[in-house]
Amino acid sequence: MHFASDNAGPVHPKVMEALIRANQGHAPSYGADDLTAAATGALLAALEAPGAAAFLVGTGTAANALILAAMAAPWETVFCARTAHIEEDECGAPEFFSAGAKLTLIDGPDGKIAPEALEAVLEAHQGHGVHQVQPGPVSLTQVTEKGTLYSLAELRELCAIAHRFGRKVHMDGARFANAVAALGCTPAEASWQAGVDALSFGGTKNGLMGAEAAVFFDPALARDFAFRRKRGAHLFSKHRYLAAQIGAALEDGLWLEMAGAANAAARRLEEGLAATGQVRLLHPREANMIFAGMPRALHRKLKAGGAEYHVSGTLETGDPGEMLAARLVCDWSADPADTDRFLALF
Amino acid sequence: MHFASDNAGPVHPKVMEALIRANQGHAPSYGADDLTAAATGALLAALEAPGAAAFLVGTGTAANALILAAMAAPWETVFCARTAHIEEDECGAPEFFSAGAKLTLIDGPDGKIAPEALEAVLEAHQGHGVHQVQPGPVSLTQVTEKGTLYSLAELRELCAIAHRFGRKVHMDGARFANAVAALGCTPAEASWQAGVDALSFGGTKNGLMGAEAAVFFDPALARDFAFRRKRGAHLFSKHRYLAAQIGAALEDGLWLEMAGAANAAARRLEEGLAATGQVRLLHPREANMIFAGMPRALHRKLKAGGAEYHVSGTLETGDPGEMLAARLVCDWSADPADTDRFLALF
Amino acid sequence: MHFASDNAGPVHPKVMEALIRANQGHAPSYGADDLTAAATGALLAALEAPGAAAFLVGTGTAANALILAAMAAPWETVFCARTAHIEEDECGAPEFFSAGAKLTLIDGPDGKIAPEALEAVLEAHQGHGVHQVQPGPVSLTQVTEKGTLYSLAELRELCAIAHRFGRKVHMDGARFANAVAALGCTPAEASWQAGVDALSFGGTKNGLMGAEAAVFFDPALARDFAFRRKRGAHLFSKHRYLAAQIGAALEDGLWLEMAGAANAAARRLEEGLAATGQVRLLHPREANMIFAGMPRALHRKLKAGGAEYHVSGTLETGDPGEMLAARLVCDWSADPADTDRFLALF
Amino acid sequence: MHFASDNAGPVHPKVMEALIRANQGHAPSYGADDLTAAATGALLAALEAPGAAAFLVGTGTAANALILAAMAAPWETVFCARTAHIEEDECGAPEFFSAGAKLTLIDGPDGKIAPEALEAVLEAHQGHGVHQVQPGPVSLTQVTEKGTLYSLAELRELCAIAHRFGRKVHMDGARFANAVAALGCTPAEASWQAGVDALSFGGTKNGLMGAEAAVFFDPALARDFAFRRKRGAHLFSKHRYLAAQIGAALEDGLWLEMAGAANAAARRLEEGLAATGQVRLLHPREANMIFAGMPRALHRKLKAGGAEYHVSGTLETGDPGEMLAARLVCDWSADPADTDRFLALF
């Protein structure tokens, strides 16, 4: 009953096989190898962005923080949702890599930034003089940290607003695959065609061992990235093993197949939870994450039964502390029998 | 004919097997898994340092820079050899992670710091007031960047000098395994028993895929390390795969076996080169690296023949540019037949 | 009609005289002079804090940012009001000097942090793991940026809450003199006796040329301050001229006399404004600042008449943009005739 | 007998008078006042550089570090003399403000960088890849820290070399006035006409209270300077008092008059020292600083007699420690009688 995180799941067998295949003899280090060229080429092809620049790194936080450092001057602020991973779960990595840029938090329902909220905050940062931090990029998380999605129309509108104010757009795509699979669109539609200027292309949460890509659709933003990555200690010497993972994911659409499986498992879990009548869905389930409000007693029973998931907080009710918010995440390897066992605990 | 670097070599099959074994089902992320506990435990056992603190990271630069950031305040300077990796090959990562600490470079033959040179520079930094950067840790590289070794006696003397001046000692042990194998001592003798306070325990150059450890023999130095690692984007979510590598290396002494094989291959290569009478050894060959001076014409012939190695500079001779310094590195997988083919090119 | 800022006013004649007196012959530089010893001694005496540590700097932002850097690790967050100077008016200086610490903003009426709001945010930061930034110091602004005051009871309560959660308290006292004068208490009561651990003691806004002090009531916090100040380029060589200013301010209570005059002028202005019946006071006038809501037409008339003040925003009314928020500040040199001329414009 | 430093001297009476004149009524803060416009205008006029950008700051370290931060990316290195103030006397401020840029030290006699040495180090940094820090600006100190001067021909040659390698040139002109006075050239000849791209224009060591200017002859380099200065806490609110100092210095050539007086006093002292036959001049005396080797016994006698100067080290002789290096500095206010009293101690 493994719903703790999609980064608790195993690596897909095809990815392991690719790693084994990559492990033949010697190869140039630091990304000068053929596999790296092939993997970044495959990534740009999948994104239909041959002129973009892509770099491999080992963690999602590295992708986010290094990209944001390339997009935001130290005296600028990054606009993001209050619930964004870059704000809540990276121990200040964006501030560290950017040499002290600020994050300006935007509230909104379901972990999303509403267009009018973005417009208002950008408007409020117009005309800032030397005493205030200057407006920097907008960072959108897709899938959001609450498991919801921006529709393509919403993405386009948000990016258009950002661009109208002269702001670039970063997408934290730790679960970009889940988003593309759920939206049923092309990766290009979900990124640069909607207006995204730079993308953290997630892999680790989607069946890889530890590989992510930083993609700059605007290659001018990537000018110093190689130095930032090296200096940030994220230039892996045995680069072929990062490349093998990304390459395997992109082969025959495995990445979308894995993400689709994770999304389907979450949908199945959602339906099962609804049938129990004992939990309340806190946000729409749109990809592979479910946030469920449940009584503490139920939570205790589930945990006692061996279920694994995180509690993300308590719900504010008249009866405080009695309702917990549980986060349940499915990964590509989710087993229906596991879900059935979990549901049988109710 | 692969002598470019030990990070160009493949992963040892036993390590690949361990990765495959680790890839079973779900496991807690971010280092809370059993494999991580086992691997760090095994590492501390190998080092005979049960009270030390060990953390896994993905690159050697991360280990070095994060450790030095924990040891040096921003207004301090790190004492190291002019040829040190932290000075020459990390694009300023120590400065970045430490928020601007300085590096004070010490010249010396064969990539080594001589005791009297260390004493002199520490003496010169005594009594520095507020206008000068303050003395920070001493960083020793073992194996050095010139392929030489500090003997245990030398290590002890250098550490004793550092400690006498109140300075802590960091060891950049990207090739610590090669050093221990070559010295024929215990890992403890080569580290904390000699006076080393923190160690970058290298794995990637020694048959792993991408795994290093930061070891603090003085656990007080590790107080903030978890935050530094996370904020530095080096806390891997699927930690078990880092742990599997380190664990496999430590099992049945595989790490020293691999390092010993690399050293032996380099010795064999050294003997072959000497027999050609056409190159000049620039530094004593003491582990798995050879620096050979050779005429440019010979270099061209070797490269044309398909040999892979790096040129680290030109030698200052009366006839400038005619003598090149070639760096040849052997890894655990070095094939004697490969060496024979290379020597046959002469 | 000078209400733009208290830093637009002149230096008090007694301070100028002190500068002229200080300008005799040679004096040791960098704070080793007698005047510096005397001024910091006088400051600690005024604060009844002989064991505290005091350092002179040139700007209020330097005092704030350097103190916060000494109190907050890079992976910590500073709790402050959303309207705080450190958030709104320092272009990210706290982030810069602290190497990337975060600011967590607390909303509240009249520029103040309410005890329950502080408690809630500190409670919410309890038990943060390695993924989140850690709780750091609480920063209170006294006089607040909205011209209001924390009462001694409020200060004590806020500090007690902070301390209960293990957090230290910084006070941005750019207008500390105005606060003490308005509260009618001792400087000690308004600072360390209420629980303040470090104080930015403002001078420039209170009749000095450019001199502030960083005061650590907990001298342990000051351990590295001399290095931070020098490295931050705020160790003035001709220190005696900073010291002369601070010394003159403290002599015979001049600092409180100046602050009292500024407060009184603001009270007089407030009364006059109320009598016009044309403006709405947006926050209680408790020191030397007034925030007045006024119709745009009135604003135009006042500006046309030569009045100097800043517009801090527009008020959200049914009729947007028609009501402006004007900030009017009085300094020690405020001339009643000037105020009368201003009021005559209505 | 005041030879400790030119920053131990008093402020010139004309500068004090300018401060008093500036102290009339209210003035816009943060540099929006008329005096600031006039002073920067006068500075650019004196430099014959109407298109340049000038900013006032409070300390020489601020000017240096902020300018270098604008010129050097964090992954670049600044080339400077080993004896440079930015290396030896700023506690790492350049590293701090630049977010971790490195300093590459160039040895040379008399505190100077020889053209061939500069060429060699820039040549050695050609073709650096991502593993090494990248070449950044060249920083020249004029007057050097050893009291010597670059001739105009030397300056032109050094700048030409730097530019040939694509490097910009910074001049640390804390004693720029002394240099111009000693060289007998125009300020333009000593700066941009020789190829200097940015200048730290010193004032504090030359009779001011605490005012320096950062001048960018290439205004493109100044693009972000206003943010850097504010964020660095060096934007003074009561800017008029910085401006008054710079303005007074530039009026009727007072700055060169003061510098000339300091230089003349040093020449007189030099002649007197030579006449004693008891000291050895360690570097040519070319401006207002003298470095004299003297026996420890003589040093004791001078100190006992009340002489004030700094010992900058011990000379390496066969008889170590017996010969000290004394630094004697004259400022604009140096009194011949004071010098006579000092010489009478021998």
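A, B, C and D label the chains in the order they appear, each numbered from 1.
Simple rule for what comes next: contacts are C-beta pairs under 8 Å (C-beta built on N, C-alpha and C of every residue); 3 or more make two chains touch, one makes a residue touch a chain.
Since the structure is predicted, the reported quantities are computational estimates derived from the model, not experimental observations.
In this assembly, the chain whose C-alpha centre lies farthest from chain A is D.
Between the CA-based centres of chain A and chain C the separation comes to 41 Å, rounded to the whole angstrom. Spacing of chain A relative to chain B, judged by their CA centroids, is 34 angstrom. Mean C-alpha positions place chain B and chain C at a centre distance of 51 Å.
Annotation for chain B: residues touching 2 or more other chains are 74-75, 90-92, 96, 99-100, 130-131, 227, 230-231, 235. The touch graph of the protein chains shown is complete.
In the complex of the two chains, the chain C residues touching chain A come out as 74-75, 77, 88-92, 95-96, 98-103, 130-133. Note for the complex: chain A touches chain B at residues 2, 4-5, 7-11, 16, 19-20, 23-29, 57-62, 65-66, 90-93, 96-97, 204-205, 209-210, 227, 230-238, 241-242, 308, 333. Against chain C, the residues of chain B that register as touching in their complex are 30, 73-75, 99-100, 130-131, 134, 224, 226-231, 235.
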